[in-house]
Each structure stands twice: as C-alpha cells, then as structure tokens.
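Next, two complexes with subunit A in common: one pairs it with subunit B, the other with subunit C.
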Partner chain A sequence: MSFTLHDYVLSGNCYKVRLLAQILGVAYTVKPVDFHPGKAHKTPEFLALNPHGTLPVLESDNTLLTDSSAMLVWIAQQFDTTHTWWPTNDAHRLALTVQWLGFSAKLTESIGQLRLHTMLNRPADAATLNTLSTENLRELENHLCEQSIRGLAFLTGDQPTVADIACFAYSALSPDAGIEHTLYPAIRGWLHRIRCLEGFLTMPGIYEAHETRNEHTAAS
Partner chain B sequence: MTTQPVSLSRDLAEKQVMRAELSDVDMAVWRSASGVVSAWENRCPHRGMRLSHGFVRGESLACAYHGWHYNCEGACHYIPAHPELEPPKTIKANLYNVTEASGIIWVNAVGTVSPVTLPSNTQAVRSVSVHCSLEIAAQAFKDYCSLSPITANTRTEVVSESPYVLALKAPLPANSPTPSMQDKSNPVSVFIALQRVNQTTTVAHITASEHASETDCIALSRWANKVRTHAEVSVGSTE
Partner chain C sequence: MNAALEHALQDWYPIAMLGELAPGERKQSRVLGIDVTVLANDSADETDSTPPITVRAEGAPVHVQQAFDHWWVCLGNAPKPLFSIEEAGEADRRFVPCGVVRVACSPLRAVENFLDIAHFPFVHTGVLGAEPHTEVYKYDVKVDETRDEVIATNIKFYQPQAAKSAEGGIQTEYIYRVPAPMAAVLYKTCPLKPEAMDVIALFVQPLDEQTCDVWPWMALYDDTSTQAELIQFQQLIFLQDRSILENQLPKKLPIDPGHEIPTKADYTSVAYRRWLKKRGAYYGALEAQP
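Showing the complex of A and B:
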C-alpha cells in the first residue's frame, strides 16, 4: 500500500522517510509543505491533520502517522522483504533498533534545534543546545567505536536497520548546526558506509559518496 | 613546532579525505586509492576552498568547488573548465611532511616528520577528543591510569615528551574482566599519542598490543571516555 508524504525538502525528519523509501524502492506521493518562510505547518488546515504542527506526516488509506520513527517502521515492515531493516526475527537486534530509534529523537531535539537556530535564526539557547549536541554525538561516537572493535559496521550489527536511517539524518547534518565531524572518526566512517548504500538519496547538506559520483563532477 | 599525530591509520581509509587541525594549522589529510597518505594546507590554490571538502579520484584530490585535480605531489594536473589545458607548474598545493608508523599518521607542518618509535605489533583502539589543553590531557591520562575498567598495577611511562606519547604497561589485576591483559609473560601495552588541535582541544590516539582481546579494547575505549570526563571536569573547576 503506497502513501502520501507531507514533506519539506530541508527537513531532516522528512529526509529519513524519503531515504528509506528510496533504498527500498517504494514509490509514494509527495505533498510539499511551505515550512519556511510560509509556516504552512502551523495553519489551521495543517493542524487539523497533525495537531503537533510538525513535519513529516504520512497518510495512507488506513494510516496517519506524525512521527518519523513510526513511519520508518511502517515502511520497513511493509516493503522490506528481507526483514533486515526492521529485524523482527531477532529479539536482540529488534530491541537495540528500538533503543536507537529513541536516541534519534534526542538528535532532533539537540542538533535539529541548533540547526534551525543556525540556519533560520530561530531563537534558542545556543550554548545549551551545543552542549547537548556534543553529548549526543559523543554517545554515538562511543558506541560506534565499540561496534568497530567488534567488527560491526552499523548501530545494531553488521547490517543497517531503520535506527541507522533515523540517527543518520541529524548526525550527517550537524555541520549545518556548526558542529563538524572532524573530532568524530567513528561517526565519519559510519556516515560514509550509509552514503555508500545502494539506493542512497541526497538532500541539501548531505551528498553522495565520491565513489558513486560521475567522473569529473564539479559544482559551477 | 614538532611532529604530531593526526589520526589512527585505520580511520583514514583509501579514497577518503579528512580535516585535521594541528596547533591551529588547518589541513586536509587524504589517502589515495593506492594507499598514499598526504597532508596539505586546507586551502585550494584556486579560490581558497577547503580541500577537506574535496574528494579523492584515484591518485588525485579534487577540489569540491571547481573540481581542480591535484596529484600526490600537490601539482594541479586537470582543470575541468579547460580540459585541454595543461595547468602551469606553479599551481601547487602547500604540502606538509607526513608519514605512517605504528598505525598512526604523523605530520609536521613546518619541518621534517619524525614519528615516535613504537612497537609495530599494535592494533587501533580509538581516537578520543578532549576539550582541554594537551598538558591537562596528558596529566589526566597519567593520573587516571588505574581508573575502572582498567585497574591497579598499571605502570605509566612517558615514551616521548614531544610529540607526547604515554605508555601504560601491563594493566589489570587477577580478577579483571579482561583476561588477556593479565598474562604476565606477555603483558598488554597501551600507547596514547596526543595531538594538540589548539589550546583548548586535544585528541588522544590510542593503540594497544596486537594480542589485546576485543573485550580489552572495549574496556580501554570506555576508560578513555572516563578519563576525558575527568580531564574536562578539572578544566571546568579551574575556570
């Protein structure tokens, strides 16, 4: 069953859904929402659809979802015939996937908020958000260091799950919030592995791995 | 200024470019497809774009902005906007001296590079960044050498003052959760090489003897994270 995504091109949470859909080859309808500068997600019409006034929103015949993690689970469970992205056959990995989906929401609260402040001048306590973002990135870096010592390439094991997609977006976008990846070598390696996945999708601020670029590509 | 570590060899794969800062010198460090490592001023000779935003094409680094290609000697050999043109020899990236030894990439931005001689039979553990000066970080790694989960009986030895390298010898008591470190006949050593990013940021590049187990390395990684916390608290309390 396909779906409609209420989408904004610069939104990290919308990007998560687009990225997984692209990797799994799922076709869907996009309804662009003028998040900035139009604030279309705060209009009465939109609030009638999603009272939280946030993007993304996923609509299908019998589902209406307002949380990106829930959307990733919904899409994987329906369209991933390999059952690896939402690993329901493995209690351990499934539980870890839920755990890191929870962590991804923290990244939205820290890096996501700091990015809105940096890019759109949203009023915010930048120092506090910066401290929180660093704490979160260090937690992720610590975990990915341990995974690499174990010889595991992704958050929950040797294959990516919806949790990797969920954590990827704001980790990759942290330079938009003024936090570079220079001091996070394990995160850097993991971001690169995700960018190399078959079917990877870009967004402004997140580019494809150079290996997959055309020869002699250059911005003009 | 002297030679300093900028990365564990493991963390810069073939065809990758990274940014590194060394005593406030901004550089692009990259590895070619065949494995050659280069460290350059992080500034494209064309219009000054950071070369660390670029991408590796075989044995060349290409700038992200207008795609000029530079070979391992730093010479520009291809300009996409003028594909027929042979670029003048004067267009050249600013190269620093770089070498790989004992699983670490060492750079000297102003002179010859002379890495610290360490045993070659080591494995990468991790690099961890600490928000404090190199001196405070060095003291913390020494002071907390017997902090859980590595404990007791650890001896420290300053292998080199500049670049600063600390060795931990034969950590861990009999009841430790990391059995391979206790082997008296073949003790595990840990090496911590410090990079001065600037006055307030230091990176510790950590390696351990080859025979350290997975459990040992994870214990070391957690220990390094704890030492970081202690070092940063000590900075906070003196400010």
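Showing the complex of A and C:
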C-alpha cells in the first residue's frame, strides 16, 4: 500500500519521511505544499485536511497521519521486512525507540524553530531557542558517547531504528540554525554513520558522505 | 559616512514581495545596516492617492517602487535607475517570486556564488550538475559599457535536471548578467521551449555587510508544474548554496586581486570583482575603499 506525502522541500520533518521511504525502497507520491512564502499550510483547504496546519501529512487508503514520528512507525511496520527499524520483537529496544522518538520532537521545537527563524525570518525568541537547542544537543551527545563506549553505533543499539531517522534530521540541520557540529564529536560520528546507510537521501543542508558520493551519483 | 555605504545607498533593494503584507500590516527590516519599517497602507477606496506601501528609514520615508513582483527601496538621495529585465513584460511567462531566505554572508558573496558554474556537480549534485561532467568549457565575459553590466555568454554545461520541467539530462546554455552590485540575472535553456530561455534572478537585500536577505525570482515557460513545485525546485537549489555560502571565508568578499588565485572557470567572478572595484561598490567587500 503506497501513500501520498504532502511535502515541503526544506522541512526536516518531511525529510524524515522521505529518508526512511528511500532507505526502504518505498515509492510514494509527493504533493508539494507552498509553506514558504505562500503559507499554504494555513489555508482553509489545507486546514480541512490537517487542522493542526502542519507538515508533513501522510495519506493512504485508510490512514491519515499528521505526525512525522507516527509516519515513520507506519512506514516501518508496513514495509520493513527485517523488523529492525521498528523493533517490535525486542521490548527493550522498542521502548527505547519510543523514548527517542519523543526526544526528536524536542529537537523540532528547539533546532527546528530556530532554523525557521534564522533561515526564513519566522518570528521567534532566538536566545531561548538557542539555549534549548544546545541543551538538547548536549543530551544527545552524552547518550551517543555512552553508546560508543558500549560499542553501539546507534541510539538504541547496533542497528538504526526509526528513532535514529527522527533525531537525525534536525541534528544534521543545526548548522542551518547557526549551531555548528564542532563541539559534538559523538553526534558527528553518528550523523556520518547514517549518511553512509544504503539508500541514504540528501536534502539542502545535508550532503552525501564523500565515501559514498560516487556510488550514489552513479546510481541516480 | 563612509564612501562604500554612500555608494550603496543610491541603489535599489528588494524589501517585500507584492501582496506579502495585508493592508495595515507592518514589518521591520534592515537595509545597509539601517532599520526600516515597511507598512502596507490601508487605502480607503480606489481614488485614494495613498501609495500601497510606505517604507521609513529612521522615521523618514524613502523611495519605493514596484518591479519584478517585489517592492524595492532606495535609501539614498540620488537614486540610480533600477535595472530592467525585458522578459518581465512577456505575458506568456510564469512569474515566480520564491520568497525570502536569510543568509549569513556578504551580499556580494551571494551574487558571486550565483555566477559560478564550477560548483554545480558538487553542491547541486544530480540536479544542476553531476560527476564526471565537471569541466567548465571556455566562455566569454565582458562589461557591457552602455548598460554598465557584467555579461557572461556562451556558457554550456551538462545538467541532469536543469529545471523542474526537464526530463533527463541536457546540455544547458547559460547567459549571466550582473546589472547591479547586488543583483544577478541568468538566462538558461528552457527545456519545454528550446528556442526561448528561462530567466532566473537573485535579488539581494543587504541587511549589513555580512548578512543578507535573498529574494529569488523566476520568469519561466512551464505550463505543467504547479507554483509550489516551481518554488520548491528553486528553494532546493538555493538552500544547497546557503550552507556553503555561510562557510565561505573571509566573510566579506575580497575584490583586490592577490587574495585568491582564480582559474579559467572563474572568469565571471574575476570580471564581477573588477567591475565592483571600478565603480566603487565596496559595501560587503573585504577591502576598504581606497
């Protein structure tokens, strides 16, 4: 069962869905929404579809989702035959995945909002968002540092889950908001491991790893 | 007041898209380090002679005009004429103002990057360029003395997806114009109408010497894509540039030769820097005006 994604090219939350779909080789239909400058996500037509007035929106025959984490879970459960991205057969990892999906929403609220302010002039309290963003990145850095001591490459174990995808987007995009990765070596390593995944997809501000660049280019 | 600012004050800069502000709505912005207030006037009826928009810099109204789907302002006392783009009058084109993007870079660097072809395969991979098609073939650059513009012609480059309307890779032809220090206009092969050229412009609003608001604008032949698709194609491209631009050092553009060693691919950039220097357009440049 495929789906339609109401999408904005510069949205980190839309990118999460595009990224997982690409990694899992899922074809879908894109419907671009003029978020900027048109604010089409606040029009009556769009609000009729999604009363929250947010992007992305995922539509399929019997599903309408307006939360990117929910979309990642839905896509993984539908299309991931390995059951590793949404690890339902491992209580420990499944619970951690839910926990880090929750954390990803904090990244949207801090880095995501700061990025919209820095890049597209959306009004915001930049100083507060900057503090919050830094706190969030430090928490992530500490966790990934501990994971690496345990010999684990990803957020919940030795394999990536939907939580890695969810946390990847705005962590990787923090330079767009003026927050460089220099102070976060564990995050840098983890971002790099995700960029090296088979089927990885770029967006503006997130480039391919040099090591995989030519393979991907040749394949496209 | 320094000479670089005095020079820059006489040029026109975009401040808002037409229709961006509802009647009665105002916004704060900045031009050349000066705070400005933009107010969309609430005109009472059609015979009211109130202009649709008023822009004030430090309380005093400044020159305003509309062109290319944007409001333009000039803060100086002797405004130069705004450059022209003839294609803006061609009714069968699609006009696409793409919205503002803020970039922490010199306004001159934003323009210079727009003129560069060599970065396409590396920054716009799979869209405006692809390895191994990285060679920049010889092209021509001159300063058009009558219009006082930098012009680059005979540029050819292989592009996997030259425009939203392109299906598959094509050899794209480009012409570049720099009609003002902080504006650049390119003409490129139109995939749907090979005898015509699409127009893509970058209008740069200098907030200060190291920050700018960039307003991309397009005049295309494309009767298949939606407006949202056209805007997002352009935003995809420009936001790929943004992260590169914010990392360029020094933050201000060096325009004296000797700071950097250009290659043949940089002819347009060399001509642009010389032209800036000759006309005294030092706002956003590394060097102080001699």
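Here is the rule we go by: the second predicted complex is superposed on the first by the 214 of 220 C-alpha atoms of A that agree within 3 Å, B and C clash if a C-alpha of one lies under 4 Å from a C-alpha of the other, contacts with A are read in each partner's own complex, and residues count from 1 in each chain.
Going forward, contacts are C-beta pairs under 8 Å (C-beta built on N, C-alpha and C of every residue); 3 or more make two chains touch, one makes a residue touch a chain.
Keep in mind the model is a prediction, meaning the values are calculated, not measured.
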Partner chain in contact with A:P204 - subunit B first, subunit C second, else both or neither: second
Subunit B versus subunit C as contact partner of A:C196, first or second or both or neither: neither
First, second, both or neither for A:A124, with subunit B first and subunit C second: neither
Which superposed partner A:I149 touches (first subunit B, second subunit C, both, neither): first
Which of subunit B and subunit C A:D34 touches, first, second, both or neither: second
Shared contact residues on subunit A - subunit B and subunit C: 213, 217, 220
Subunit B contact footprint on subunit A (complex, rising order): 138, 142, 145-146, 149-150, 180, 182-186, 188-189, 192, 210-211, 213, 215-220
Of subunit A, residues touching subunit C in the complex: 8-10, 32-34, 36-38, 40, 118-121, 175-176, 178, 202, 204-205, 208, 213-214, 217, 220
Subunit A-touching residues of subunit C, taken from the complex the two chains share: 17, 20, 97-102, 104, 125-126, 130-131, 160, 213, 226-229, 231-232, 235-236, 238-240, 242-243, 246
Complex contact set, residues of subunit B against subunit A: 7-8, 11, 13, 15-16, 18-21, 55-57, 62-67, 78, 80, 125-127, 129, 197, 201, 203, 214, 217-218, 221-222, 225
